[in-house]
Amino acid sequence: MIKSLSTEDTLENSGLSAEEQQLFCNARPKAYEPYPIKAVEDFANWARANSLWILAFGTGCGAIELRPLMTARFDANRFGVAGRPTPRQSSVFVIGGYASVKTLKRIIRSYEQMQGPKFVICLGICPVNGGMYFDSYNTINQFDLYLPVDLYITGCMPRPEVLVAGIMELQKKIKQGRCDGANRYVENFDWYKANQKKVIKNWDMPDYNW
Amino acid sequence: MSLIADTPISLIVLCSGLALVLIGLWGMLTQRNMIRMIVGFSLTDTGVHMVMVSIGYVTGGTAPIINDAVPIAEAASRVVDPVPSALVLTAIVIGLGVTAVMLSVAIRIYKARRTLMIDECTESKW
Amino acid sequence: MIKRLFILMMLAVMAVIFLNLAGNYRENTELSRLGHYYAENGPQELGAPNLVTAVVVTYRGLDTLGEVTVLFISAAGVGLLLRRTRRKQDDEDLEQGDRAEETAGVHKPASEIVETATELLLPMVILFGIYVFLNGHLSPGGGFQGGAIIASGTMFLLLALPESHISRLMIAVIESLSGFSYVVVGVLGVLLAGGFLDNRIIDPGTYGALFSAGAIPLIYVFVGLKVGFELSAVLDRFRKEDTGPL
Amino acid sequence: MVAAFFTDVMLQPLGIYVLALGAGFLVPLFDRAHRGSAMLVFMGSLAGMVAIAALNLYAIINGAAVIDIETAGIAPPFAINLRFGLFEGGVVLAVNIAALLGAWHYLPSLKQHASALLLYLILVMGINGMVMTRDLFNLFIFIEITSIATYALIGMERTGTVLAAGFKYIIATSVATAFFLLGTIFIYYQVGTLNIDDIISHGALIHGPIGLIATLFVLTSLLIELKPYPANGWGLDVYETANSGIASLISVGVSAGVFFALFKLLPLMDAYLDSIAVVAGATFLLSNIIGLKQHNAKRLLGYSSIGQMGLLTLALVLLEQLDAGAQIALVVGGLFVNHLLAKAGLFWLAGIVDRTNIKDWASIARRPELLILLGLMFAALIGLPPFPGFWAKWELVMLLGSADQYGWILLVLLGSLLEAAYLFRWFSHARKRDDELTEHVCSFWQPAPVAIAAALLVAIGFGMAGTMDLDVPAMFLPLLAGFGLWLIDGLPARVKQLAMLLAVAAGGYWLTQELTGINQLFSYLLVAGGLLISIATIYRNDVRNGFYPLLAVLLLSLAALLRASTTLEFFFSWELMTLSSYLLITLARAGIKPALAYLLFSLGSAYFIFAGFAAAFASTGSILLADLGNVSSPGLVFSLLAAGFVIKMGGFGVHIWLPDAYAEADDDFTAMLSAVVSKAGIFGLVIIAAQLGIRSDIGLDPAYVLGWIGILTATFGALMAVFQEDIKRLVAYSSMGQLGYIVTGVALMSHLGWVSALYLTVNHFLFKGILFLSIAGIVLRTNERLMYKMGGLIKNMPVTFVFTMIAIIAMSGVPPLTGFGGKWMLFNALMEKGWYWIAALAFFSSAVAFLYMFRLLQTVFLGQRKLEHAKLREAPAILLVPQVVMIAAIMAISAYPKLLLDPLSAAINPWIANTLVWDGFALQTHYGYWNAPLIMAIVGGVWMVPLIILLLVSLTMKIQKVEQFNIVYAAERPHRPEDTHFAYNFFAHYDRAIGFLVRPRATAFWNAVIEWSHTLGSSLRVFYNGNGQTYALFILMYFVAMVLFNGGLGS
Amino acid sequence: MIAEWTGKIANFALTLLIVTAYGLFMTAFIERIIAKVQGRIGIPYWQPVINILKNFFKRTAVSHGYMFYLGPVFRIAGGIGTLAFIPVIYGSETFSNFSMAGDLFLVIYFMFFGQLGMALGAGESGHPYSAIGIARGLSQMTAYEVPFALAVISIVIQYDTLSITEIVAAQQGGWQNWTVFTNWVATLAAMLAFLGMTGYSPFDIFLAPQEIPIGPPTEFHSAYLSFMSLNRALFGATKLVLFMNLFFGGATGLIELMIKTWLIYMVAIVVGVAFPRFRVDQAIRFFFKIPTLIGIMSIVYAQMMLTS
């Protein structure tokens, strides 16, 4: 609860003016350990897997496939999947296809505002290698350079059925305790951040969006 | 003729005085020139004096000077009332004083304004 | 026009009121209580044959003192109002033309007839005035009347000799001293006789004589002088609109 | 001989004449000899006249016989005589003093011309003569002497405007005197005498049309000289244009003489008393209405002067009609002296300040001594304590009340209110610090005559207090303390604060130590509470000229109010409180305008109370508060008094003064106003409810209306608070709303209702004290009052936040804090009484209250902090200290309400049988029960348990404390706190839904009233077209109307 | 003494558990019903519990300040406290809670406790949407309180008491004694107010799940959100219990309680799925019209009952 004051724990936030720096938290994110008791951790993972709240942020064309997920035909509610409009409460971030540089900035911000454990699913071929936009000047070709990805669902576009399959796959992975993207991100924070800043030229956010 | 002859002398004076008062008032109310208004005032004043004198008259009375003509014994029955005469004397002088001051004010107004019209001196109002 | 009509209406109502007064007026057939008392007791009490004078000077002496005061203050007032503007700030309310006119002060000389008549009549007029106020307690007349006659003499003088100079100092001294003396006589009434302005501070003397009726002639002298000089002063001021130091 | 000269002449009243005339005649000679000697003679004679009058009056007061001066050594009817009795002596002395002081003021102008000196001297003598003479014709002479001297002095300045006004004056007065002469001679014709006493004793001889017309001539002439509406334009022009020295003498001296002449002749006017009363009353009222439109300082004084003369005449005539001759000295004399000194002082002041338009009087804003004098004069004119006018008006209204002359009471009070409106508007202009205006410069001695007049006013007021049925030491203690503190006002702030606190503590203790019952309860609240809040004033250490003395006056007058045992004492303290709180509000930078509204509404409230007391006095003949209960028409009295108190509390419809006054007053003083001063109204309400309302068989209907007024106040106060952007206005409206509940509680006239009302009162004191002191801290730190310009202050001022939050919970009525108990008892009492609709509205308004309460916390303390507020510090400790005490009290009462309820109940028990039933800790009513300690424990428990759980869970998480911009913002980042702080027009949707309810209708209404009275004023003054002939015509019409009205054309 | 109070506290803990569980169950149950209406299967019955657990199992969180931290505590304290003052089952010592501390009036006022604390917590988050949501929610609250207060006054007149226990007691002895039958006007007014109170469509704008991401709780997450979800279930159930006690004869057993509250809840659900959303000013105006009128009629009705 108490903000650490040691300098290595703070971020530079060089994208912000001096005045703005006091308005944003400059703490460096920290990784979390699993619960010391294995059973508790397993139970927690079970609960997390069965309550996947997807951030309602359609980042690309694939977002159109998210909508049918809630309809009578697919009814993702059965698996504990629900949409949340705020990243604070969400645990799953579905990257809906290609991510432009401009969107990437928002994606990073939203991702960082989600509370761990948090999971990222990449939808479609574009986040893998750029897909049909492989040579576009403003599309991210390889998404996992920028954020840790837990699951790829390829296709152009993958249908909702595949999405459901992917979600069940994610649940499995979570229950196995293998979805530690949030920790990976924190541990390799400087690397990720450098990659992000390489493509995002107008970095006017704090380095970590608490 | 007989009507006037039968009318008591003092009543005639009284009526003339009252008429003079009215005329004076008319002058004060309608004449815009201040000097004329002062004349009106003088007329009113004079009218009032006439009224005063008329009040003092006693039928068949004579001047209230007790000398050979009017012995002291007969004084009470033969003279007119000396009081209104005394009052009128005072009132005349006072009227004179007022008129003098009025005139000097009018002169000063003329000096300051180059006009004697009362309705051009209305700057303080409401 | 409406205003005029309104004035007429008002005056008509006033006329009705006055008619009401006149209609109810009955000429007195006998003296009023006051008049009766004065006619009966006046000569004995005060020794003045002229009842009007007795009333004016003694019974209603306070009135007369007031009257003198009125005249005094109106003379002073006229002087105050018509004083010559000396100071700058006073000048500011006068327009340019005024000042030119005021400073010029040119008076037309009177005709020879007037001048001659004045030279002839002036002493007589003043003498007559003195006579009138000295005999005020005996015959019709008195201080005021006499003073007025004296002032008319001044009028003559001013008409005939517009440039003639009347001494301010003399006027001031005479009117102040006569006024003050009047007050002193009045106070003496308290100290020596029955009350303020009681004329019996001096022995009444022979009834009907010139030097009789107590202080009445004395008072009339003061009054006459005062009235004469004050009226003269007023006339003079109207002539010149210049008072100098009063 | 010389000794006799002194004893028989100079020391007698006659000496006045001799001195004036002698000196007057000689002044020109002295002047020629030596200018200085003339001035010496002049001032010496005036001083001598004062001395003669004083000596003789002193003798008469000490039992000497009335002095009758006979002239000519002949007995009265046959020679003129003068009289110097008690009344004559008083008037002569007063006029001579005014003349002497006026001469001091006027001397720079007068001394330039010797004739001016003598004219002034003789003018004063003329007035003396008018007063003393007993002869009708002699009266005429003196009137003329006065008039001519006046004409000349008016014309002395010789500018066109003055001369024109002078000419109109001459025309008008000469017509009037011509009438007088006509009347005199016809009276002589009928009675055969000129002696006034003789005429009066032979009054029967004046008969028939001649008698009537003659009397009316005399009467009209005197009335005209007193400048009745509408035949008074000439007087106004002179007041406006003439030199202040002569204007003051006309206003007070000449008018006094004429007035006294009228007084002397009044026995002749028995048949016309009604006409005179109507004329005088109309003049008083209409002059004051027209005064509202006037901005020329001296003309305004003219209107006031004319109005005052109207009031004097009215009072005289009414007393004459009521056969209350014994009170003439007190009432008419008091009003007369009051008018004389105050109006003369004001004219002199106007001469010193020399600004034509009252808006330019801001030039004296930095001259406290002039301001104080101006304020004192105004207060005296309006009849505020302790000036003579206060006592006179009190006696007058009481007398009128006892004669059931409510119409006249209404007229007198309405006129006074109007007069207060324009006079204090003027004062407001003078207080306004306008840097553009050049400061006024005058020598130290120039205002001395005004100061002497003011001192005399105070002294006479004090003297008059001694003759009234009044506990003088107690009632004057506040003034004394204020005066003492004012003397040390130059010392450093800390010393003044300490002195003030000590004075209030000692004085308050002395005043309230013997109180019992409800008064004692309120003494804790008002005196101890007031002291507590005044501790907070220490947070400012700037000079604050006048603040501490006035605060002491205010608090001690509250204590005196509690101590009052008679209606007079009550009213005295009430007015003192009003005046001091008004002045305290004007001390704030922008407080001047709202203070005016505050004052006017407060005076309106006071006048309602006044009328109520008069009605009570009429019915019981006693001014004891304890006898209020015996009145025969409790409904009327209760309604009048309740109306007064409700206005003072800012009741529904008459609240418009409240938000502005609260908002613009100094921040610490707002706390005082809301937490303490407003309680005075509640105290009054409780007192009258106890005395009158308890007789519910008759008092029910007014009480029910009062209940509705209270709840409407609560509802609309809450609704209006919702839409405020200004933090102080918000809390001000809230204050109004909360007082509404209390009014309803009192109106219930049941034990539970009163307990709830008093409980709410205590609670209101506590939470409003906290809130306003918190706000004082916030405003001090942020320099802002608009809430949307704040935000996020919780980080800087956490303690203030917590205190505010507790206060707000206590206010909202959410259990477990104190507010709930009050609401619960009120609701129960309402249900027991069967006032269901009021209960429903109470419920609604307390729900609405949540909106503004949350808004206050949200927009000020929560949300986004502005960049410029990043470095703010916590509020100063001295502001927090009283809050801590009050928080402790709130907590204690919340946990154990019996602590408060027992004394409340005990205080009420003498009036209504106790209905509080205690079952252990639980209070039971017919409907329900309330176990406050248990609730406190449960709430504490259910709050602690989740907190502990959350703390435990927090151990398993990494919780990062973040900054204000670390919010979810639709994947964007906020850029400026201003954009991100949702605060402005917070309840826009609510406004859209029911905002139509709170459109400022009351404000519109009162604005319409102001507009309307101004329009009325302008239409009433069309007669004053500046044309001398029109004025003369009005005089004529006036006479004609008098004749027609009295049937003069009957035959 | 101590034993007595320990017992009471234990009883209350039991009640709390049951009511919370029931509230969570009902949340899921209603969700499933809605899903059925839409042709879906819907969430599992334990989904609300899982959600709450998941949020407790979050490993990171942010805090905007102490008020933010305390907001959920206030919120749930409000819920628990409200329940504490309501007797849940008539005639049962175990389920009478702490209703001896205060009456109906206390309950109504204590409902604000949680809202106020929550509002303050949300306010400190600094998020404009929180403030907007609260502004709307509070405004709507003042509006639906009016018919509710009128209805409450009506039944207080009718039963001449403010004690919930006594109100329930007066309704015993058969369905015909229930307020809904004896004073249907008041019940109607109260049920209309209930629609606003539950925050379902058409009166759900203050939550506005789409346009202003979920209103006041926008910034709340992790354990804070768990607390709030718990409270939502608990408080919802508590309100149902209150309405059941006031208008529907109370309950003498748990089964009766469940059936009655479920039915009452269904009213809100049916209306909610059938109607679109009001803007907040429309909602306020709505409550000030028909429901208030009915409320006024209910008092008149009660007074008539009293006199006849």
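Should a chain be cited, it is by its letter among A, B, C, D and E, assigned in written order, with residues numbered from 1 in that chain.
One rule holds in what follows: a residue touches a chain if its C-beta (ideal position, glycine included) is under 8 Å from a C-beta of that chain, and two chains touch if they have at least 3 such contacts.
Since we're looking at a predicted model, the values are computed, not measured.
Participant: If you check the contacts of chain A and chain C, which chains show up for both?
Facilitator: D
Participant: By that same contact rule, can you tell me which chains touch chain C and chain E alike?
Facilitator: A chain counts here if it touches both chain C and chain E, which gives D.
Participant: Tell me, please, which chain's centre (mean of its C-alpha atoms) is farthest from the centre of chain B?
Facilitator: A
Participant: Can you check which chain pair, B-D or A-E, has more C-beta pairs in contact?
Facilitator: When the contacts at B-D and A-E are counted, B-D has more.
Participant: So which chain ends up in the middle if you average the CA atoms?
Facilitator: D
Participant: Would you kindly say which chain has the C-alpha centre located farthest from the C-alpha centre of chain C?
Facilitator: Greatest centre separation from chain C goes to chain A.
Participant: Counting only Cα atoms for the centres, state how far chain A is from chain D in Å.
Facilitator: Measuring from centre to centre gives 72 Å for this pair.
Participant: Between chain C and chain D, tell me the centre distance in angstrom, where each centre is the average of that chain's C-alpha atoms.
Facilitator: Comparing mean C-alpha positions, chain D is 53 Å from chain C.
Participant: On a C-alpha centroid basis, what's the spacing between chain B and chain E, in Å?
Facilitator: 99
Participant: What are the residues of chain A that contact at least two other chains?
Facilitator: 1, 25, 29, 32, 86, 88, 210
Participant: Could you list which residues of chain B touch at least two other chains?
Facilitator: Residues 21, 25, 29-30, 55, 83, 87, 90, 94, 97-98, 101, 104-105, 108, 112 of chain B touch two or more partner chains.
Participant: Which chain C residues sit where two or more other chains touch them?
Facilitator: In chain C, the residues touching two or more other chains are 7, 10-11, 14, 21, 25, 28, 32, 34-35, 38, 59-60, 63, 66-67, 70, 73-74, 77-78, 81, 93.
Participant: Going by the touch rule stated at the top, which chains touch which?
Facilitator: Chain pairs that touch: A-D, A-E, B-C, B-D, C-D, D-E.
Participant: Give every residue of chain D touching chain B within the complex, in rising order.
Facilitator: 137, 140-141, 144, 147-148, 151-152, 155, 158-161, 163-168, 170-171, 174-175, 178, 181-182, 185-186, 188-189, 194, 233, 236-237, 240-241, 293-294, 299, 1018, 1021, 1024-1029, 1032-1033, 1036
Participant: For the complex, give me every residue of chain C touching chain B.
Facilitator: 4, 7, 10-11, 14-15, 18, 21-22, 25, 27-32, 34-36, 38-40, 42-44, 49-52, 54-56, 59-60, 63-64, 66-67, 70-71, 73-75, 77-78, 81-82, 93-95, 97-98, 102, 138-140, 142, 144, 208, 227, 234, 237-238, 241
Participant: For chain C, which residues are in contact with chain D within the complex?
Facilitator: Chain C reaches chain D through residues 3, 6-7, 10-11, 13-14, 16-17, 20-21, 23-25, 28, 32-35, 37-38, 45, 58-63, 65-67, 69-70, 72-74, 76-81, 83, 85, 90, 93, 169, 172-173, 175-177, 179-180, 183-184, 186-187, 189-191, 193-200, 245-246.
Participant: Spell out the residues on chain E that touch chain A in their complex, using ranges where they run on.
Facilitator: Within the complex, chain E contacts chain A at residues 31, 35, 38-44, 47, 50-51, 53-55, 57-63, 209-210, 213-214, 218-222, 225.
Participant: For a test of understanding, state which residues of chain A touch chain D in their complex under the given definition.
Facilitator: 1-3, 19-20, 22-25, 27, 29-30, 32, 35, 57, 86-88, 106-107, 109-110, 113, 204-206, 209-210
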